[in-house]
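Order as written gives the chain letters A, B, C and D; numbering starts at 1 within each chain.
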Amino acid sequence: MLLREVSYARPGSVEEAVALLSAHDGARALAGGQTLVNVMKQRAASPDVLVDLADLDELRTIAVSGTTLELGAMATLTSIIRSSEVEVSRPILGEIAATVADVQVRNRGTIGGNICVNDPTNHFPPLLVALGATMTIRGAGGERTVPAEEFFVGVFETAVGEGDLLTRIDVPAGRGDGMAGVTLGVHGTYVANAAASVADGAWRIALGCVAAVPVRATAVEERLAGGEPDEASVRAAVEGLGATLDPPSDVHASADYRRSLAETSVVRAVLQAAERARG
Amino acid sequence: MSTTETTGTPTLQKGFVGQSIPRKEDKRLVEGQGVFFDDVKRHGMGYLHFVRSPYAHARIGAVDVSAALALPGVYGTLTGDEVAILTDPFFQIAADPGGQVKDYALAVGKVRYLGEPVAAVVAESRELARDAAELVEVDYEPLDVVVDARAALEDGAPVLHEECGGNLSYTGVWEWGDVDAAFAEADHVVAISELHFDRFNSTPLELDGALVEFNRGTGQWTLTTNNQFPGFAVIMMAPAMRIGTDKLRFVTQDIGGGFGNKITSHPQLVACCLLARKLNRPIQWTEWRTDFHQSMSHGNERWFLDTEVAVKADGTMTAFRTKAVDDAGAYLRYEPLGGVIWSQVAPGMYGWRNIRLEFTQAMTNKAPVSPNRGYSRMQQLWFTERIVDIVAHELGFDRVELRKRNYVQPEQMPYETPNGCVYDSGDYPRSLDTALELIGYDTIEARREEAASRGKLLGIGIGSTLDSGTNNFGQSQLLNPDLQFSGNNEVATAKLDIFGEIVITLGTTPQGQGHETTAAQVVADILGCDVDIVHVRAGHDSYWNSHAGFSGTYASQFAVTGLGAVKGATEELARQMKTLASMVFQCPVEAIELADGFARIADNHEAALPFMALGAIPNANNAGFPTDPPPMNARFVYRPQFEVPDKERKFGNLTLTYAMQIHACVVEVDPETGVYEIVDYAAVDDCGVRINPQIVVGQVMGATAHAIGAAMFESFAYDEEGNLLTPNFYDYHVPHTLDMPPLKTASVESPSPFTPLGTKGMGEGGGGGIHCVCAALQDALRAAGGGIVTDSHNPYHRVWELLRHPDRSRGKIEVRSS
Amino acid sequence: MAEPTTSQFVTVTVNGEQVEREVPARRLLVHFIRDDLDLTGTHVGCDTGSCGACSVLLDGVLVKSCAVLAVQADGASVTTVESLAGDELSALQRSFAEHHALQCGYCTPGMLMSATALLAENPSPSEDEVKAGLQGNICRCTGYWNIVEAVVAAGKGPA
Amino acid sequence: MKLEGTKEFEAPREVVWSVINDPSKMAKTMPGVESFEIADDTHWSAKVKVPLGLGGLKMSIAFTKVEERPLEFASLNAKGQGVGALMNMTTSFTLSDEGETTSMAWEADVKIAGPVGSMGQRVLQPIINQQVGNVLQALDAEVQAAKGAGG
């Protein structure tokens, strides 16, 4: 419960936030804090400086620009659930947000925080990889964009480096999405999951909980490409996926069980996505 | 949320007893005005933080506290070396070899489980105390670790307590009837090589802690703490601290759940006491969730090896024999009492007359165990239920018919078990029928087909269990003949105060069981007054003189011992009130009745004294009485009638009452992932006379929730190095709202012939739900390879293994028929 | 540029009253409420942000006060269980008592705050909506059934 | 936690052996090494900041070579101590060659205790798996560099 000593600042602008993050060694952005504060309570990590993004309303915006849904990094999961923009342009984001933990966590927790933490059991890293999202990062040297598959680097590590700030997540509009998995209890921590997305016959599939970062199932994507999947063809395409994975073995699942769950999750996510793509 | 309650036997009530009146406790609790230990503050108090071992087994070298002491705001420290000088090891319940264990408030010389307190630091803030604890440098020399009770008993295993010459704490053979003859005459023998009851606990939401003050003038400590069995704590602490028991005053108001898990906090409390004296300031210790999971009060893990069941052709089960291996963890804080407590329910709800159980308990590099809701009986009840279902499964008997054939029958009550325990009352077959009716048992095959059409495996399971309540502590002598404990007791006081208020004090330490309410119901009926004028003091204070050696709240006994004491004290107060009224009215005492808040002449209601007048006379208006008016103050010790059990035969009545719960549930399993959902659940309770039915049903619900958690999610799992893999709610998932199935409850009332109010202690549930989930899973798996459920804890991955490799579990079963 | 500091002066409106305190940046809001302000109705049941016993409203939004720093509440309003009753218990509090929705009462303040937030948005929630609304609060005594009933009943109003 | 695997190097056995027995070269393969000191042939130590993203875990690690059979087998022990965190790792390497390729069978037994442990295995295992992968990749780079430098 008891944190190590830490310094705190609450900047009034993105520029000031980036300047603070750059100016202080060991500085870390504080978004919703629903993971970071808890990690600090365990003293598993102890940033020297917290730069609280709470006042940066510009990072809370949810907007549609053309065929792109723009999610501010500080958009809370609750605001994503309630957003008509999300519902219209990429409804799966709201659906999955509604299954993250509980009301309190969703009220504070942000999409930016969820992915910057990159806990391997988090919902949004594999989903955003499957959706082909792009992350915009502001640093001292300016702004850059990173595709989702390059964004995730390791547990608690992303392309957001020291002095950087994730500002926005762009998701192309679409409906052909599915996500399936097994959790510890309803709305609990994921044991294994898969997210799948199809657009114009091209598939993007990402697995969660099998490595430090989401894993693309490219071979399955290729086998499914262009076809009109039914249960048998999806099962055939997924066959053998588990053997290519090297998932962790822990108290909730052996590596073998995770391999099996990964395959089942992909089958279910793909079938869900295909059905929704058909509308 | 889809709860239905049916009462089998409606009881006609004339007073408050038997009514679901709202609880007296609730107003303060819903206002956030309850007082839990951590809510109490004192000027100048220091916050204690324990330095805990990162190793499961290690020799301790130097402990350097200098850097911690140098930190501004740190008040002081305590190390194991100091503890070894200032205190003696805690008294051990065990005879040798377990009796040789040396257990102190802090680790001395060695650590034996991960999270064991090695030193303590006190500072001016909570955060600072933890900072300072990080600065304490401890030299550890890691030692080999043993986490499996079976391996711990093998030659060459790492030894935790060298004084014991091994890891065995207790072993004994418990045999009744003629087991060999029964097996010789059996038509079938079902052999089960291994069954395992998993390690978990009830994880009360409030964690342990205390505010400890030392009075230098009187040498007395006041402990504002949530320890739930002060009578036991004081017996442990006072000799270790080389003081009399009166030097330790226990105070508590509200406790945030206990379930037995708050019985064994005495080592930490001693550390607080020593620091309060050493630093001359109040010491505040709050345990956090990870601390609790790593170091406190796990439930007993138990293996049942080489089990054999003797069965006649008609399904009558005549005998079983098994080797139980129990895992006590690193220290014997309440153990090896679990080594006898199970025998309160040795045959479960069944008529087995021939039983042989070899009980062996080992110490391992895991957190010490302590009582946990259903303590030690739940393991045995799960075992008896599991073997009944496996016998049915393997021999093709109907599970319901097999149960009904073998249950102790209502006409046999009171029933003496082969080991001399007396089941006081109950109608098990009828209770089972009630549960099956609630669950819709007659439509189950249609539901099974419907589920199959959705690709799901459906199964139904039964768990029939007992809540044995009101211990005869004489059973401890079956483990250690030198112990001088027997019987049981509880105390209450009742007084009529100056303005006519009735004030009741209890020796108990309630944690949500509604003692203030049920006590008031009993009192109001005896005194013929409204329940609102009965003030039951909240909590416990050993200064009230309303406690005895066994005072506390544990082991399903309040409705018997606590209310028995309340009834006794109130009846004595009533006698005093009537006597005083008869002195005033100069009439025979028999002519007086208490009704409507008056003492009055029964056939002349004009001659009536309000309680206020009765209270005022002895207290403030007592001139002119020729003899002393009664004091309007009574203290009563309730003592159940027990004999010391026969130590040779391990025979005797170990508990006074046997409440019963039968649980049944329906599960649906996803055959691809092993994920399953409980889709229907029913629980039937029979605890004799119910003082407050709503409170009883609440206890049944709580027991159900704990059982579902233990069956599906909750496990204290360790790796080979002794790291706890589920050290907090990240990985130890307890059920949340969305995890709970719809529940139906019903009650049957079979009054106990042995208790003052016909009540029985209840609330633990005997793990009924754990077994019904196991049984439902096994039923569901019949259509998918017939895997046998051999573990009490079945998370999804274990179900997946049973689906993938049914032969592995089937290989544990062998049937021999003659 | 705001310089990061290890301690800050905060102004927080707690249950309608403004309080001003110097607090360490590392102090959790729940400890600020309990230890600094002596409002001990808000409880702590875990150390991982899981149990919800510390739930309060922060600017009207339901949060776990163990996953918020006290300095983050600067300028905000905090509503705790102590504010729920006026001269009499609220309908929700009464419903908890009537339905035996509490045993030890330790989770109750958090449950009440979650239910209060739910009812503010959805005055007569269904059973499923109540279950979803209370998912972030652990109770170890009741199995939740009576709690859910109490909240559903409070939403329905007096029978 | 026990881990094992086999890594193939496109390099002669002598070159691989020279790298895994050179503390200064091995140091370059470890994640987050901030400083490195060699006490003698069998003892060396490092200060590392294990990259954990949320702030990193600082540790002092003492290495001891436990056993070696030149060109064939080596095992070493690493004991790390950080604030409130402990690490104990025993690792061994067995080399064999097939033509120009050297095959290294490795085993590691990693024990971690402290606050990172309380975050749970879901975090710990992927971290360790990933770090091991990084070490092996860096080792390959060192081997190729040594091979290029003529052994």
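Just so we're on the same page, contacts are C-beta pairs under 8 Å (C-beta built on N, C-alpha and C of every residue); 3 or more make two chains touch, one makes a residue touch a chain.
Since the structure is predicted, the reported quantities are computational estimates derived from the model, not experimental observations.
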Chain-chain pair with the highest tally of contacting C-beta pairs: B-C
Interchain centroid distance [CA atoms averaged], subunit A/subunit B, Å: 43
Euclidean distance of C-alpha centroids - subunit C vs subunit D, Å: 48
Centroid spacing, where centroids are CA-atom means, of subunit B and subunit C in whole angstrom: 30
Contacts with 2+ other chains: residues of subunit D: 83-84, 118-122
Interface hub residues of subunit A, defined as touching at least two other chains: 1-5, 42-43, 102, 186-187, 189, 250-252
Residue list for subunit C, restricted to those that touch at least two other chains: 24, 26, 31, 44, 47-48, 132, 135-137
All pairs of touching chains, each written as two labels joined by a dash: A-B, A-C, A-D, B-C, B-D
In the complex, subunit D residues that touch subunit A: 51-57, 83-84, 115-116, 118-123, 125-127, 129-130
Parts of subunit D lying in touch with subunit B, wherever the complex brings them together: 1, 83-86, 88, 111, 113-114, 117-122
Subunit A contact footprint on subunit C (complex, rising order): 1-6, 8, 24-26, 28, 31, 44, 47-49, 52, 55, 61-64, 66-69, 71-72, 74, 114, 117-118, 132-133, 135-137
Residue ranges of subunit C in contact with subunit B within the complex: 24, 26-27, 31, 34-35, 38-48, 50-51, 53, 80-82, 84-85, 89, 93, 96-98, 100, 102-109, 112, 127, 130-132, 134-149, 152
Of all residues in subunit A, those that touch subunit C in their complex: 1-12, 16, 19-20, 23-24, 27, 30, 33-34, 37-38, 40-42, 49-52, 54, 101-105, 107-108, 186-187
